[in-house]
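One chain, subunit A, appears in both complexes that follow, with subunit B as partner in the first and subunit C in the second.
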Partner chain A sequence: MGRAPAPTPEREPGVEEILRARAPQGPVSKKLPGPVAWFDVRSRSTGHLAFSMNRITGLGLVFYLYLHLAVLSTLLGGEDAWNGFLELATTPLFLGLDVLLVFGLLAHGLNGTRLSLIGSGFVPNHQKALFWSFMAFGAILLVYTAVHVFGGEG
Partner chain B sequence: MSVSTGPSTRSRSWRWTAITGVSLLVLVTIHMVAHHFVVDEVGGLRTYQHVLDYIATPAIFVIEGIFLVVVTAHAMLGLRSVVLDFGLSEMWRRRLERALVVLGIVTVAYGFVLIGVLASRA
Partner chain C sequence: MMADGTRTVRVHRFKRGDDEPRVEEHRVPVEGITTVLEALRWIQLREDPTLGLRHSCFHASCGTCGVRVNGREGLACVTKLADVPGTVTVDPIANLPVLHDLVVDMTPFVERFPPPHPIVRESEFLPESATPEGLDGNDRFEDCIECGLCLSACPVAATDDTYLGPAALAYAQRMLEESRGADRDALLDWADQDAGAWRCHAAFECTEACPSGVRPAQRIMMLRKELRRPRPGRAPEEPAADTSEHF
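So, the complex of A and B:
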C-alpha cells in the first residue's frame, strides 16, 4: 500500500511575488535545446555571439557554394543563357545579395582568422578585443565592396 | 549510445579546418578580386567570352582548381563539426564522415568537369 504524498506547504504571503521576480523574464530565457543552442544568440556573451556568427555564416557559405556551382552551370547553356543570368544578376536586389555574400565571407574569414591565431598560440588570448577589431576592419572592407559593387568601378 | 570523438581526431580536424581556412583567405581574395574587382561592369561580372578566356588561362585554371578542392574540404569539415554536435554514436559518426567524403568528391569532380568544359570552349 503506497503512502499518500506529503501536502505542499502553504507559502508565506509575498513568496510568490519574489519567485516570479527571480524567474527569467520574457522569451530570452527559453533557449534552444542542446545541439542547436549555439544558434540562439539572445542575451549571450561576445564569445558566444562570435561562435554563432561563425556557424551561421559558415552554413550560409556552404549553401552558396552549391548555388554558385548551379549558377556557373548556366555557362554550359551558351552565351544566351549566360546573358540572361547577367540581366538578373545586375538588378539591385541581386547586387545586394552580392554584398550579403561578402559580409558572410568577411565575418567568417576574419572570425576564423581570430580563432586560428588564438588557437595556435600566435597571439595572446584577448578574444573580445580581437573580435571587435576584426569586425571593425571587416565593416570598412564591406563598405568599400558595397560602393564598388553598386558603383561598378574600382 | 553517444560516443565522443577522441582528442587526436578532434585536434586533427581542427588543424585541417584552420589550414584550409587560412589557405582560403588567400584563394578567396584572388577569386573575388580577379572575378569582381578588375571588371568595370556593374557587379563586376564578366561576359560569356571573357569567362571562357579567363578560365582557359593555365595559371587561373590551376588556382581555381586548388580553390575548389580547398573550399570543398573546408565546407565538409565545417558540416562535420556542426552535425557532430548532435552527439552521434560511433557508427553514425563513421557514416557521416563517409557521406561527407563522397559529397566532397562529387562536388570537386563536378566542379572540375564544369571548368574543364568551359576552358575547352575558349
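So, the complex of A and C:
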C-alpha cells in the first residue's frame, strides 16, 4: 500500500493548478541511483553510517544463511566429505571469515537493539551515544572472539 | 578558514526541454564570510543571468534557498564557502522534481502533509507567553521553515516516493502534542499507514539536515510511541480470521 491519496478538491481547479498539471516536471534529483544511495556515507552522519551498516550486514547474514545450508549439505556426501570440509574450515582464511561473521552478527544485532530502543520512542534523543556505546561493546566482544577463534586461551 | 581570493563553484544546470542536467563551472571571488547564496548571486549577476535559484530572506528564516553543497543539505544563505573544502558543487535538493537549475517543485513535499494542513507557523507566541499545559517547554514544530532539506537527506525517501517523509510526520506529531482541536484519531490513522511512521529507518539524516532544530527523526520516534498506545474508545485490533493469504 502506498501513500494515501490527497482528498479530491470539491471546487473546480484554478488556473495555477491547470498550468501546473500541463507543465512537464523535471527529473527528480537523486544522489545515487536506487538503493545504492543507502550505502553512500560521504558527508553523512552517524545515523546514516548505522543505517548503511545494518543493510550491508543484513545482506551478508542472509547470504551466510544460505551458505551455511549449502555447507551442511556436504554431510550428504558422508564422513569423508564432511571431514574434508572441516579441514578447509580450520585454515586461517576460513577462521578469518568466522570472525567476519561474528562481526556481522554483533554489528547487526547490537544496532538492531539500539534501533528497538530508539524506534520505540524511549531514548530518541541519544541515538549517537547509543550507537557508539553498542559498537564499543561489540568491538570488545569481537576482539575476544578473534583471540578465541585463532587459538588463544580466552 | 580559506583565504580571500577565488573559489571554483560548480552549479547544476537544467532547463525544461534539456535532455540531461549538466554542470557549469565558475570562478567566484570570495571573502571570509561569502556564503553559497552570495556566490550564486554573483554568478547570476556577473556571468549568467539565466541561472535559476530561489531565495528570499538571506537569514535562514524563509527556507527557500535549500540546496546540496558538496552532497550535504543546507541553506545557501548561511552556508559559508570557507566551511566547504575544495571545489564547491551546488545541486538542487534531492527527491523532488527539478524545475529549473537549483529550483525544485515543492508541491510533492507540501502534498505529503496530513489534510487539512493549516498554517504551520500560526502560533508564534511571544517569548513571555506561558508554556501550553502538558508541554515541558517551547520546543516547537512551528520552527519548521518547510525548506525540504529533511526530505532530501532521507535515505528512505531516496528509494520510496510514497513515503510521507520527515517534515510531514513531525508535523503530525507536533499536532498530537498540542492538538488545538485537531482530530487526533484521524492524525494517528494517517501516520499509521504503510508509508507513514513505520517506514522510517531511523538514519536521523533529517535531524542532521534540519537548519531549524525541529529534530524530525526524534519526533517520528515519539509518534511511534503514541501509535502504540491504546486509544480510548477504540478496541485493539483483532487478529484476522484467515491469514492464509499472507503466506
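Just so we're on the same page, the second predicted complex is superposed on the first by the 115 of 154 C-alpha atoms of A that agree within 3 Å, B and C clash if a C-alpha of one lies under 4 Å from a C-alpha of the other, contacts with A are read in each partner's own complex, and residues count from 1 in each chain.
Just so we're on the same page, a residue touches a chain if its C-beta (ideal position, glycine included) is under 8 Å from a C-beta of that chain, and two chains touch if they have at least 3 such contacts.
Note that this is a predicted model, so its numbers are computed, not measured.
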Have a look at where A:Thr90 lands relative to subunit B and subunit C in the superposition and call it first, second, both or neither. first
State whether A:Ser120 touches subunit B only (first), subunit C only (second), both chains, or neither. both
Taking the stated contact definition, name every residue in subunit A that is touched by subunit B in one complex and by subunit C in the other, in rising order. 34-35, 38, 115, 119-120
Partner subunit C, residues of subunit A touching it in the complex: 1-4, 6-7, 20, 23-32, 34-35, 37-38, 42-48, 50-51, 115, 118-122, 124-125, 127-128
In their shared complex, subunit A is touched by residues of subunit B numbered 14, 18, 21-22, 24-25, 28, 32, 36-38, 40-45, 47-49, 51-52, 71-72, 75, 78-79, 82, 85-87, 107, 110-111, 114, 117-118
Where on subunit A does subunit B make contact in their complex? 34-36, 38, 55, 58-59, 61-62, 65-66, 69, 72-73, 75-76, 78-79, 82-83, 86, 89-90, 94-95, 98, 102, 105, 109, 112-113, 115-116, 119-120, 148-150, 152-154
Subunit A contact footprint on subunit C (complex, rising order): 12, 14, 16, 21, 68, 70-72, 91-100, 104-105, 107, 111-112, 115, 155, 158-159, 161-164, 190, 193-195, 201-205, 207-208, 215, 217-218, 221-226, 228
